[in-house]
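One chain, chain A, appears in both complexes that follow, with chain B as partner in the first and chain C in the second.
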Partner chain A sequence: MSLATTSANHGERLRSRLRKTAPLLVLVGLCILIGVTSPNFLSLPNGIRVLTAASIPMVLALGATFVILVGGIDLSVEGNIALSAIVLSLVLSGPLGTLGLWAVPLAILAGAAMGAANGAAHVGLRIPSFMVTLGTWFVGLGLGTVLLGGGTIRIVEPSIRALSLTRFVGLPLLVWIAAAALLVAWVLQARTRFGRHVYAVGGAEDLAALSGIRVGRIKVLVFILAGAFYGLAAVMSAAQIGQGNAAVGDGRLFTTITAVVVGGTSLAGGDGGVIETAIGVLIVAVLANGMILLGIPPYVQQAVQGLMIIAAVAISIDHRLFRIVK
Partner chain B sequence: MSTIPTGGFRLRRRDLLVLAAMGGVLPVVGLRPLRAEGKPTLVNSLRSLSNPYHAAWNKGGEAFAKSLGLDYVTLVTEGDSEKGIADIRAILAKTGGNAVINIDPNDAADARPIVEACAKAKAHIVTQWNKPADLHPWDFDPYYVAHVSFDGVLYGEATAKVLIESIGGKGGILALGGTLSNTPAIERKAGLEKAIAANPGIKLLDFQVANWQSSKAFDTVAAWITRFGADIKGIWAANDDMAIGAVEALRAEGLAGKVPVTGIDGIKTGIDAVRAGEMVATVSWDPFWQGAMGLSIAYAARTGRFDPAKEPKAHREVYGTGVVVSKANVEAFYKANIENEPKLDYNDLWGRAAGQIRT
Partner chain C sequence: MSAVPSLARWRDAAPALFLAVLVAVITVATPDFAQPGNLLGVLADTATLFVLAAGMTFVILIGGIDLAAHTIASLSSVVVALLLPTLGYGAFPVALAVGFASGLFSGVVHVRLHVPSFIATLATSGVVSGVALLVSDARTISIDAAGRSQLAWITGSVAGVPAVVLIAAAVFLACAFVQRFTRFGRRSLAIGAGEPAAWASGIRVGRQKIIAFALCGTLAALAGALLAGRLSAGTPVLGNQLLLPAIASVIVGGTAITGGAGGIGRTLIGALIITVVRIGMTFVGVNIFAQQVVFGLVLIAAVAVTIDRTKIPIVK
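Presenting the complex of A and B:
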């Protein structure tokens, strides 16, 4: 803060800083508030439970972050999870069941393929991303339902179940996978040309195109990357529940978008990133855990999550930039 | 007329109207007298054959048809209401209305056009699970023979009773409900509350809605373990998917099999969990019975064994009997229903009728 005060228009910077740090403050504030009311919240076992609950939303939200950074939106999360999880469970229960952990790349590939379809339709056919992904959401759900006929397949493969049941340094492997995914996403965002191009496209697509960035290619890559992350999350989900069915992704879209937005990534694109998303995911997970600890009735919990996303957008948008809101 | 395919074939709305008209007209113009004397075709309409629930349903239909030596047709909607309705109309046209139909409508709203088409073609129909509340079998005598469903209150209470028994009648339990805007979720919860009210030693520590989903149930149960710890003696879930989520959340804490869990629906993963001792109860709706007896009831009406119009309402909108599967009977249940083909007395039309459906 002391640096900002040396500047002439320090009020401006202070506000920008505050906007950037608000999610972190909210996270800390929530932890203190819940911890005071319900001391169990701050216990180590509960910390592990919160991190476990955050692991799958984390991987999903990381994928969605890139899409939102280029100024798009991806609504196909649940369809993608359903399809990828069903591919995984069918591979494991079929003649290829001996593949064990090698079925995981296949599921991730299925997710990436669906992402590629999203990207290709969005860029190639010039259809808005929300419309394309709304369509593929139901394509994925439909395909998954047809493949499995609405049934449920049990996953007994020990190497897959181990992802959820084995602990390393006290934490389930799922948490480590989420942490690794965060690292990969951060390197992609901050240390590669691809990452810079994502920001360039999201910040000002026309300028990016004029300066020689192949905007279409970046967008397709972003959707493929997001799809791959969803595929990984599908594997994690199936490993955690020990079964695959078309409903395995139900309800994940809302938490994913909420986490990204609450973390401070702008829906307008070009502003935010994976660290912000990580904080957003933790806020959502802490709140969900905390509301159960505090005994808040189920439908009030839903309403709180809804209010949170509106509040987050209200805080994160610089209102002077928008003269007309549709 | 008999060349109209009945499956894997999509019709447009106009074709539908034409077909519907033909379905109604044809019997009058001549086909009906020819065919009505012949044996009726038995038809089961369901969502998909690759889903274990409807696969068992279909096996029931096959077994019943075989017992009478009648033609048997399975129509599959693949979750597509329009296809479901079109296929029914096509089969009515093909058989000239000489058909007996047992259907699990894809959507409640589908039941009306299907029943209307059947009544027009003078085919006999039984619907199961889904129908609009204001559509009644007695509005289409004698062709709309019956509607079969299952009592959520009764079975919500039944699984809760097994749960309460398994913890010796006292202690704190937790409950996972389905989306509270739908009927089975409301009914099953009411059943749970009835069981708790009858057992003063039982305390409902918390009720959360997990929207029928295993993943939401998993996270909810994990948070409950923090909040209630060792006070958790049992977990009741309104369906098997959430029960499985609860079992897995317990497993992550080394508690699977130590804290009893109950579900409802009798999906295979649920039955497996009961066998493994990780769930203490689920309820099977016995899809084999639904597939066989839905046809048997409609067939009995068609062949004049009974007159639907003279049956009491408790035989027209009828609750079927579910099977509570618990540790006591799970091995026998598994052997009789999953390893082998169940044996039924097809003439026992109302043996599992458990009263009139509440509205």
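Presenting the complex of A and C:
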């Protein structure tokens, strides 16, 4: 090996390491910048506020991370949240209302079922995932609204409301749920065969298939897992606002995808993971909190997130490969 | 020549046949449907959807997708409502220019930064709707009586034909001309049919793609202006209900999301199918939310039928 190629390799490795640590640097830089301009930012109550605001996006983004890791995308986030939250509120307000916390698994099951439909249509009909999930996004919204008859249902069940209102060691239960979800997602990603197969499929699907991995099954599982996470996030949203309707998920898709790609998980698949996503979620939450502290109108947030998606994806895409981008 | 048409031929003719059957069924069920006045009403209801879908057609033909078109329509409606009192007719060119710029932005991000089109346009939709909410202060801006006189070209009618129908017809002719008789039109088809071959034969693929997105943005802005005219108001969320029907119109008409096959004539049939299905469902008593479920499923089914799987060995 000549000296030139070694130094090129070295430079490449340095670049890739820089790219890996960039999100963390951005997060620290943001905290310092906002902390300097607005001293309130670094107070303990505000820290808790940021973590609370980050908890629902965290659960959503963890689910979406697995889909993006296999090289797919899931646009049905808002439809799934609407459907799962409405299933939860209908169960609680119906004859099964005595179920209390046991209604939560039903809502998660509804989310997982919708994920299974996504995965089955994507793999079975061989349609790109963005198209399937674009369709099911509206199917979920519509189904939820039809089930509900168009209105909204208040959730008075104290055990559900407690998820948002009770604190444990100073933090709302929502934050602990998000932390537990992160742990579960990390174990699935790093310590199971399923996790390794996800990376194999995302890295090179044809090679994964040739080496005996049942690619279709992994993809369906990934969509089911994502749906279950959205279902959990729907429960958290419903607990937070105290009602179930089709609008609970509004705006969540955007934050979810921003968090995943800003954290450094590649849309091409096979690169990134749940720890990266956790950092991405914190970046989005800190930025949103900082913009509120600085008095910037909330609508600007969506525009800023749009630009962040573009920047993050543009930086992470490997320009050396000549390939067709559609 | 075989007596039985091949599967491909049948698939080509299917959307038009389906439309004919739909119209026949509804006419039998409600004879009033076929009255000329009612048919013109159906066309007027289709006009805005068709204009939006016409722009989308160019993007889908090159194998891309535009998930920002509905937000561009919303922004355009806000721009028209805001500027009509001061600029008069000048508000419309400004709205179209804003749409052109938004489409151009999507296209440049997609092509120059190598961002997949669905994510580039999703990001653009966030930026555009953020801008629409900001300039409108998240409110509906109604157009007062003084401004409505300048909307006559949208709300009026010529010899009994609603003006929007004529505008949509003009858009159809212009798009058909662009698609068939301009270099951009033919190159778009070539790119959709096989991008590496188009690239190798010297077509500047990136530039054609950017033009397609800019054209889509401009037509989306026109659709937004038409909506603002019909509703006498601009709203930052006006177009939200239009994205799914617009994409569904293109696909149901028979243009494949893999690009290369289809065109504006098919989109016209697709948009008519979507409108007639909606009218039929309303007639039968299916509520508007259940209609959303149907359109979502129709979209998935139409993609499954039209997609050319030989072009995407690995479906992601």
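Here, the second predicted complex is superposed on the first by the 309 of 326 C-alpha atoms of A that agree within 3 Å, B and C clash if a C-alpha of one lies under 4 Å from a C-alpha of the other, contacts with A are read in each partner's own complex, and residues count from 1 in each chain.
In this text, a residue touches a chain if its C-beta (ideal position, glycine included) is under 8 Å from a C-beta of that chain, and two chains touch if they have at least 3 such contacts.
None of the values given here were measured: they were computed from a predicted structure.
Overlay done on chain A, so just call it for chain B and chain C: clash or fit.
They clash: once the shared chain is superposed, the two partners overlap in space.
Once the shared chain is lined up, is A:W176 touching chain B (first), chain C (second), both, or neither of them?
Touch status of A:W176: no partner.
Using the touch definition from the top, say if A:G71 reaches chain B (first), chain C (second), both or neither.
A:G71 contacts chain C only, not chain B.
Determine, under the contact definition given at the top, whether A:F194 touches first (chain B), second (chain C), both, or neither.
After superposition on chain A, A:F194 lies in contact with neither partner.
In the overlaid three-chain picture, which partner chain does A:G269 touch, first (chain B) or second (chain C), both, or neither?
second
Could you let me know whether more residues of chain A are touched by chain B or by chain C?
Touching more of chain A: C.
Check whether A:S43 is in contact with chain B, with chain C, with both or with neither, and answer first, second, both or neither.
first
Please indicate which partner A:Y299 is in contact with in the superposed arrangement: first for chain B, second for chain C, both, or neither.
Touch status of A:Y299: both partners.
Contact-wise, after the overlay, does A:G142 reach chain B, chain C, both or neither (first, second, both, neither)?
both
Which chain A residues contact chain B in one complex and chain C in the other?
Of chain A, residues 142, 145-146, 150, 299 contact chain B in one complex and chain C in the other.
Provide the residue numbers of chain A that touch chain C in the complex, in ascending order.
Touching chain C from chain A are residues 71-73, 75, 121-122, 125-132, 134-139, 141-143, 145-146, 150, 205-206, 246, 254, 257, 261, 267, 269, 297, 299-307, 309-310, 313-314, 317, 319, 324-326.
Quick one: in the complex, what on chain B touches chain A?
Listed in rising order, the residues of chain B that touch chain A are 47-55, 78-79, 177, 180, 206-209, 211-216, 218-220, 222-227, 229, 241, 244-245, 248, 251-252, 267-269, 272.
Using the touch definition up top, name the residues of chain A that touch chain B in the complex.
Touching chain B from chain A are residues 38, 40-41, 43, 45-46, 49, 52-53, 56, 142, 145-152, 154, 164-165, 172, 237, 240-243, 245, 247-248, 250-252, 288-289, 292-293, 295, 298-299.
Which bits of chain C are touching chain A when the two form their complex?
Listed in rising order, the residues of chain C that touch chain A are 63-65, 67, 109-110, 113-120, 122-127, 129-131, 133-134, 138, 195-196, 244, 247, 257, 259, 287, 289-293, 295-297, 299-300, 303-304, 307, 309, 312-316.
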